[in-house]
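The same subunit A turns up in both complexes below, where it pairs with subunit B and then with subunit C.
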Partner chain A sequence: MRLELGEIHISDIKLGDCSKVDSGTLYVNVEELRALLLEDEDLASVEFDVVHPGESVRVIPVKDVIEPRVKVEGPGGVFPGVISKVGTVGSGKTHVLKGCAVVTTGKVVGFQEGIIDMTGPGADYTPFSKLHNLVMICEPKEGIKQHQHEHAIRMAGLKAATYLGELARTLTPDETKVYETSGVMSGKEKYPDLPRVGYVLMLQSQGLLHDTYVYGVDMKRSMPTILNPTETMDGAILSGNCVSACDKNTTYHHLNNPVIHDLLEQHGKTINFVGVIITNENVYLMDKERSSDWSTKLASFLELDGALVSQEGFGNPDTDLIMNCKKLEAAGIKTVIITDEYAGQDGASQSLADADPAANAVVTGGNANMVIHLPKMDKVIGHPEAANIIAGGFDGSLEADGSITAELQVITGATNEMGFNKLSAR
Partner chain B sequence: MVKEIERAGIPVVHICTVTPISLTVGANRIVPAIAIPHPLGNPALTHEEEFDLRYKMVEKALKALETPVDDQTVFD
Partner chain C sequence: MILVTNNEKVRQAYGGLCTLQFVEGGHTDVLCAVRDLIHQGHKLLTHPLAGSVKPNETPFRSVALTRETGGLDMDSLTLIESALAVCRQFKPRFQRGEDAPESMREDFAEIDYRLIHGALAPHLQKGE
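Moving on to the complex of A and B:
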């Protein structure tokens, strides 16, 4: 498969009465976009704001972060099975509005998760402080059920990103990147001497606000399967989760998965990147056993020499991670796991809930229990009182002056287990 | 908690869903539970069926408590 990503660099967003991209500025007709989003009967209101890097602004809570893209050549459309019709994506040409994102906020069902600070110490911990963000405050109609509420906010973000992505359809990209993958046989013929490496991408699938969707399929109802790496760049995988925001993959992470980008970069040079095995993290032990059996079986079918495994979340998914690692290693496949740590506020406790000697090559995204202090911002978008009840916060996290003392896990993407952020350890 | 109570000389049965974690942390008597969000229940069942499920699980745990073990044991 061959996918061309044409990047259009965005250096500003302005709200106005006409939607277009002109000289690197994204103009958004808010009334037109609002009307589109309010076609969803579960939404009562959508308000818009724009935040830029370096501004004294806090967004809390954060539901999802999404990069606008549009498919300009080749089969399928972005976010297949959810926004576009089902159809295999990952080939042809896709345009990307680079440097900006849609950020959804509002009351997020029961849990209120995730903080993005655009300046100060908090900004250093989230990659999304470096983007120009269209923030959408989505509030639901009274009386709707929790799963409808989650669905409404999730869809609003995806619809807005699709609407903005469409503006890039006829533009000439500032930069074009080409990603090319091989078939199982052709890769072997082309690179007979390179080690065969696969990527086991673990996806949260534990229920409301802990779900991930692949071509529209709720991943907890799927067996592990194989994706071509470029499919993820067209939105084959979408986030429906944001609880303990530090190590949850937003849709932006899935579109820009750094493990996939780095493996493709080395494909044909130091390794033969054979493919992506996606698997889930369910709440039943039997599912955990079955899915780790299957991810290992698929890895063996692909005759991998090595595998990278990235986790999403922590706690009981540590068991899915360790099962994947143990079974892959037992099948003779050298395995590296990418995780993060909950080692206590002093960093002295056991980092993962589960462990095994087979996990002898581990990359960490940092200690999510580390306590941080986020100073007051001049402006807060969303619901600041959420700081008292988010995972990593505690009663009194939100101080009278508007500052927040909480664990690092409150910050969206801070300890991301795809290695998207900068934190790690030696 | 399981280990601290046992250290004080009182045998413990750990009813838990993710038995591998229980093994890792060192529980000696482990009874598998239903699922992480509902260890002792199952929302797919009727109230009566759930009561029966829970009753049997507690019974199994009590049996495990009086069973001598030499090593970490999962009572499947």
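Moving on to the complex of A and C:
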């Protein structure tokens, strides 16, 4: 499969009365976009704001971050099975508005985390402080239940990203990147001496506010299966997970999965990247056993020599992570796991809720319990009272001057378990 | 199956569908009741740390076990002891549901209910 990603670099977003991209500036007709989003009968209002890197702004609580894309050549459309028809994606040509994102905010439940600071020490911990963000504050109609609210915000974010992505359809990309993958047989013929490596991508799937969708399918209802790596770049995987801020995989992460990008970069050079096995993180223990059996079975079926396993979340998914690791290693597949840690504020406690000697190669995204101080911002977008809720408890405290002392876990993407962050021991 | 919970919402939904043990207490009390049942030979059916709502945050917990008993299941024991270790590591923010502000209490109860419902509904339909 061959996918060309044409990147249009965005250096500014302006709200106005015409939607277009001109000289690197994304102009958004807010009234047109608002009318489109308010077609959802569960939404009462949508307000827009724009935040830029370096500004003294805090967005809280962040639900999802989505990169605008549009399919310009080849089968299918972006976000298949949800926005576009369900056709298989991952080949042809896709345009990307690079350097910007749609950020959705909305208080679905009373204990949501998810801070993006655009400046200061908090900004260093989230990749989204480096983007020009169109922030959408979505308020539900009276009487809407939490699951309907989550669905409405999720759909609003995807519709807005699709609307903006469409503006890139006829543009000439500033930069084009080509991703080419091999079939199982052709890869083996082409690279007979390279180790066969696969990626086991674990998707959060425990239930409300903890779900992930693949081609529109709720992943907790799916058996593990195989994706071509480039399918993720067209939005085959969408986030419906908005609780665990530091180690949730936003839709932006799925579109820009760094494990996939790095493995494709090495494909044909040091490794033969065979494919992506997606699996779930369910509550029922039999599901965990079945899914880890199946991810290992698929890895063996692909005759992998090595596997990377990335996790989403903490606690319960640690069990899936270790099950996957143990079973892959037992099948003779050398395995590296990517996770993060809840090692206590001093970093001295056990990092994962599960462990096994087979997990002998671990990449960490950092300690989510580390305490940080976030200074006051001039402006807060979304629901500042969410900071009050995380304030009184264990996670942090809101100071009288508007600053927050909190654990790193409150920051969106801070300890991402795909490695899409900057924390490093180097 | 046996469902151990301290969540009234779960009791109302599942009380008539399976054996339900209601715990008057907090999250840790539920896990201790589950541990006792494991020592009596019941096996875990659902993970005791459901949800990415951090274990020290949510005051509600619902866990399903087998109704049948057998020998001590070491996998279940390891899981519940690990879950209790996580609770010891992170001091609970709300000991009991009543300690949480009302708006959050309802949301915590709803999430706990939804997570256990998503896990159990397919199995209860099969009459397990």
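Keep in mind that, in the parts below, the second predicted complex is superposed on the first by the 411 of 426 C-alpha atoms of A that agree within 3 Å, B and C clash if a C-alpha of one lies under 4 Å from a C-alpha of the other, contacts with A are read in each partner's own complex, and residues count from 1 in each chain.
By our rule, a residue touches a chain if its C-beta (ideal position, glycine included) is under 8 Å from a C-beta of that chain, and two chains touch if they have at least 3 such contacts.
Model, not experiment: these values are computed from the prediction.
**Student:** One more residue to check, A:354. First (subunit B), second (subunit C), both or neither?
**Tutor:** both
**Student:** Classify the contacts of A:249 with the two partner chains as first (subunit B alone), second (subunit C alone), both, or neither.
**Tutor:** neither
**Student:** Quick check for you: in the superposed arrangement, does A:285 touch first (subunit B), second (subunit C), both or neither?
**Tutor:** both
**Student:** Would you sort A:323 into first (subunit B), second (subunit C), both or neither based on which partner it touches?
**Tutor:** The first partner, subunit B, only.
**Student:** Which partner does A:209 reach: the first (subunit B), the second (subunit C), both, or neither?
**Tutor:** Touch status of A:209: second partner only.
**Student:** Which chain makes contact with more of the residues of subunit A, subunit B or else subunit C?
**Tutor:** Of the two chains, more subunit A residues are contacted by C.
**Student:** Based on the superposed arrangement, let me know which partner A:342 touches: subunit B (first), subunit C (second), both, or neither?
**Tutor:** Touch partner of A:342: subunit C, not subunit B.
**Student:** Residues of subunit A that sit at the subunit B interface in one complex and at the subunit C interface in the other, please.
**Tutor:** 206-207, 283-285, 288, 316, 319, 353-354
**Student:** Touching subunit A in the complex: which residues of subunit B?
**Tutor:** It comes out as residues 17-21, 24, 32, 34-37.
**Student:** Can you list the residues on subunit A that touch subunit B in the complex?
**Tutor:** 206-207, 283-285, 288, 316, 318-319, 322-323, 353-356
**Student:** Spell out the residues on subunit A that touch subunit C in their complex, using ranges where they run on.
**Tutor:** Those in contact with subunit C are residues 109-111, 146-147, 204, 206-210, 220, 241, 243-244, 247-248, 282-288, 313-317, 319, 342, 344, 349-350, 353-354, 389, 393-395, 409.
**Student:** For the complex, give me every residue of subunit C touching subunit A.
**Tutor:** 44-47, 49-57, 79, 82-83, 85-86, 89-91, 93-94, 101, 103-104, 106-108, 110-111, 114-120, 123
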